[in-house]
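Consider the two complexes below, in which subunit A is the common component and subunit B and subunit C are the respective partners.
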Partner chain A sequence: MSEFKVHHRDGDGFSVIELKGYLDAHTAPDLETTFQELLGDKKFNIVVNCKDLTYISSAGLGVFMAYIEDVRKNKGDIKLTNMSPKVYNVFDLLGFPILYEIYKDEAEAVNRFKQSRKV
Partner chain B sequence: MAKILKKTILSDTDNLLEVREFVSAAAREFGFSDDETSKIALAVDEACTNIIKHAYKNRPDKTIQVAILRHPNKIEISIIDEGEKFDPETIKPLNLKDHLSHYRRGGLGVYLMRTLMDQVEYHTLSGKKNEVRLTKFLEPLRSSTRR
Partner chain C sequence: MYRLRRLFSIGVSVVLLIVVFMVDVVRSTVEFDGGGILYFRELAVIGALLSIYAFISSAGTEKGKAATKGIGSLLVVVTGTTVLVGLIQILPGLGFTEGEAVAVPLNSLTVFFGTFVSIGVSIASIVTLMTVRDLVLHKRKKGTRRNFIIYVSILIGCSILAIPFWADELSALATTSFVAAIVMVVVISFRQSWIVFLSRREKIYSIIYSAIVFVTFIVLSLLLTNRTFLNKSVIFFSSPVERFALLNSICGAVYFGMAFVSTLFHLPTAEVYERKQSELSSLHNLSRLVTQVFDFKDLVNTVTHMTREVCGAESAWLEMIREGKVKGMREYDVVGINNISEEQIAMITANEEFNLRKLVIESKRVLLVDEVATDRRTRHMKPHGIRFGSLLSVPLVSHDQIIGILHATKEFEYGFDQDDIDVVTTFADHVTIAIENSRLIAQSLERERYKQEMMVAQEMQRRLLPQKFPTSRSYEIAAVSEPSMEVGGDYFDFVELPNDRIGVVVGDVSGKGVSAAFYMAEVKGIFQSLSKLCESPRELLIRANHTLIDNLEKKAFISLLYAILDVRKSTIELARAGHCPMIYVSDNGQDMVRPSGLGLGLTDGEIFSNATEEKTIRLRKGDLCLFYTDGITESRNEAGEEFGYERLVQLAGQIRSQSAHEIQDRILNEIRAYCGKAAFDDDLTLVVIKWLGT
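On to the complex of A and B.
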């Protein structure tokens, strides 16, 4: 049985995806579906809260890579937050901090979206 | 003499968790740290995912044999499939910055395996079987043998 959950909630001008459990080749399609729904609804300011994410493989990381270009073309972004050291290490090994803004907590990422709207 | 643990799974991604748990338990028992165990499990996941996706073209009804060989100074994980042969020479060393700047999605699995493990070897076995062998040395021996 898959122990992976994706939950999404909307704020004022941004959306938060909460990940729970393990994100591998088996569960990555669930995250893809969520991204497809958000982009279909023209929601391009996306925070991914990884507080309860216990594991990620390149299949999971590939989902972020699949959507980041479209999101940024539409003046949005995918910001990642609340990673455990174990999960962050995998992102770091693949150089993700070069491409993605990674924050310690969700509030910081939300604040960045709010600040960029004021500019 | 190496102690061998074996498990055979079907090539369904639903079985990746089982393989990770199998490998993690063995690595932990062998004395690898939590951090090292995580790396080993992730490397095995990446290898199995590649087999499912590329060797077996996502067919879920094929078999993947995972064997863990525990030597006094290292752990070797042999992963065998009967699908399409993978030629590691076709995978050039990844330039991460270039790869990411072009938003390329694939190709990260092999890079991760090579980064996480001390040795990654590909062999063709008799009976049209393919093997990827992942090796990790116990801490004190790693710096002199890594390639």
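On to the complex of A and C.
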């Protein structure tokens, strides 16, 4: 089983989480830790870049559900980007595109955050 | 039987000695040359002595009698005898004829006392021989027993050679054997190994006893060799007894003289020996504890207590190291404390520059501070009133990793010597094993509990699935749910509705184990009750979502596909809450039916109801509907590729003409073949509905 890696970096007024590998019930806690750290630092504008994410299970999807409420309460958002078709299909099947903004690439999501700040 | 034997041996010796005494009374008064009677008399003496020996040896059969106690008994017997001999010597009215080779008693009183002292000396000799035997054979080596037997043989030989009937002819041999006996005495006197095992206290006693016994034997030897009352009496009584007693006295003098000197030299090391003993027994105790104490807390308390014991430390504590929340940072738990406060420990480890813990961990070696007050690693404690002389910190190393540190302090500077360090290091290794053991046991208990939980969850899941499926001439139903090793949340169910309709539901609850089984039970309850109330699948999903949303964890959700098969109308209506689409195969080919919809528990209100579509399909004879969970499409082959929707759709198209059961078996077999193994990684569920027409 390929391993899972989560890495995050900060931009100007937003943070990017990069996911790599296999996100399931066993690796989901790693992503939870990252979200906890960001929320602890009051960073609520979060872009999740799924470029290297090869698989996501229902437990992986659950992580986003766990934090979206808190993030939005603090006028922030979780925006998802760069999904492979296969990963997108999992999100789509469950109706995530209705609940989350999903973009083709990171820059688009970042722009969105910048625009909403101007407004 | 035993008492009878003792009584017999003492009786025999008394009778024989009375006979000897009577013969002697006669012998002392008249010139007597009855050779035959003297033979008999000599035999009677030997017989009496053997009986006495039998009596004494049966009395002292307690094995393993402490060496010091043995010497003490000997002291009483020998000194008592010697004092008695001395007292009798100065009694008035006793005397012997002068000028003959064998002095003859002047009167019966002399004969009586002469016999008395002779018997006394014999008894003392026998006791001496037995005591020396016990000491020499203590912790015997290969040659020890042999040497002792040689000595006793020569001793007896020498005594027998002294019997007057052949004493003159064999005098050369007698002298040689006497010298040989002395040589053997010296040889066996080097066997003093019993001293090593004495405690300090016992050693002091044995020095005093040995000294007194030594002096007494010298006196006795002098009394036996010079022409004293004792000498004359014993020779008149029996020459062999005289030899026997003299050799035993010399043996006693040499052996206990030697014992006195050896013990004296052993005295300074007595404490070391005692400590080694206690160290050994502590280590032994710990090894035993390893198999007995499973409870971590008990174990660490025992460890700190024993650390103090093995090296005589003033205080001891044990801390365990674990990975901190931030990677690379270590955290320390002081788990066992003995005779020191936590505040003090915190102070000891407060040195930023020379942190004791860091020093131990980085060097992976024992850390010793001889002078706590002046050492740069520890002098920071002095202002805080922590006063101890020296400190020892030993790492607990398991698989090349330091899992903890064992600390000990002593009141004085330079308190820990090399021996202490060695023993605490050895001890630390045992402690490591003990701790690892207790951890492993805790882990296996945890695993066992987890397994139990899994079994409960599996059993629950099994019971929640329908045992009987609806049957009809209009359709065939086949359904299967294969649980994996970890209990997932796959669910399917049927409900018979009024007007010839049946409800079919397939779902997947996020999460595993008991929580998944619990959610499944909740979903089943909701489904069974709502299906009777709701006219359409869409309505059911909206209401189910509304009920569930407040009962689910934030990160939990449920995907569901609900279809109503209407036999009278030949239709199937379905709505989807984030679940895998239905696969529909008809004359027009095969495809996925995917009305839009959100998973249950994600969001409530208009967003959910607006997102949820409903579709209706008119069925024709031979149409096939497949419901399934992602366990099917996400089955992986050895290369890690998923079985996928496309393969499933194509397969369904190919096998459409078969019966529902055949289709089900065929699909499962295809997936097994694809995965290349018999067991599935994830739960998978498949419901096949084949429309036979009305």
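Throughout what follows, the second predicted complex is superposed on the first by the 117 of 119 C-alpha atoms of A that agree within 3 Å, B and C clash if a C-alpha of one lies under 4 Å from a C-alpha of the other, contacts with A are read in each partner's own complex, and residues count from 1 in each chain.
Here, contacts are C-beta pairs under 8 Å (C-beta built on N, C-alpha and C of every residue); 3 or more make two chains touch, one makes a residue touch a chain.
Every value quoted in this text rests on a predicted model; they were computed, and no experiment measured them.
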item	value
Fit or clash - subunit C, subunit B, common subunit A	clash
Residues of subunit A touched, compared between subunit B and subunit C (which is higher)	B
Subunit B versus subunit C as contact partner of A:65, first or second or both or neither	both
Touched partner set for A:26, first subunit B, second subunit C, both or neither	first
Partner chain(s) touched by A:39 [first = subunit B, second = subunit C, both, neither]	neither
Clash with subunit B, by subunit C stretch, listed 169-177, 223-231 or 637-645	637-645
Intersection of the subunit A residues that touch subunit B with those that touch subunit C	2, 25, 58-59, 61-62, 65-66, 69, 86, 93-95, 98-99
Residues on subunit A engaged by subunit C in the complex (per definition of touch)	2, 25, 58-59, 61-63, 65-66, 69, 86, 93-95, 98-99
Residue numbers on subunit B that touch subunit A, as the complex places them	13-14, 16-17, 20, 35, 38, 42, 45-46, 49, 52-53, 96-97, 99-101, 103-106, 108-109, 111-112, 115-116
Contact footprint of subunit B on subunit A as seen in their complex	2-3, 22, 24-26, 55, 57-59, 61-62, 65-66, 68-69, 86, 89-90, 93-96, 98-99
Contact footprint of subunit A on subunit C as seen in their complex	508, 510-512, 553-557, 559, 578-581, 596-599, 602-603, 607, 611, 640, 642
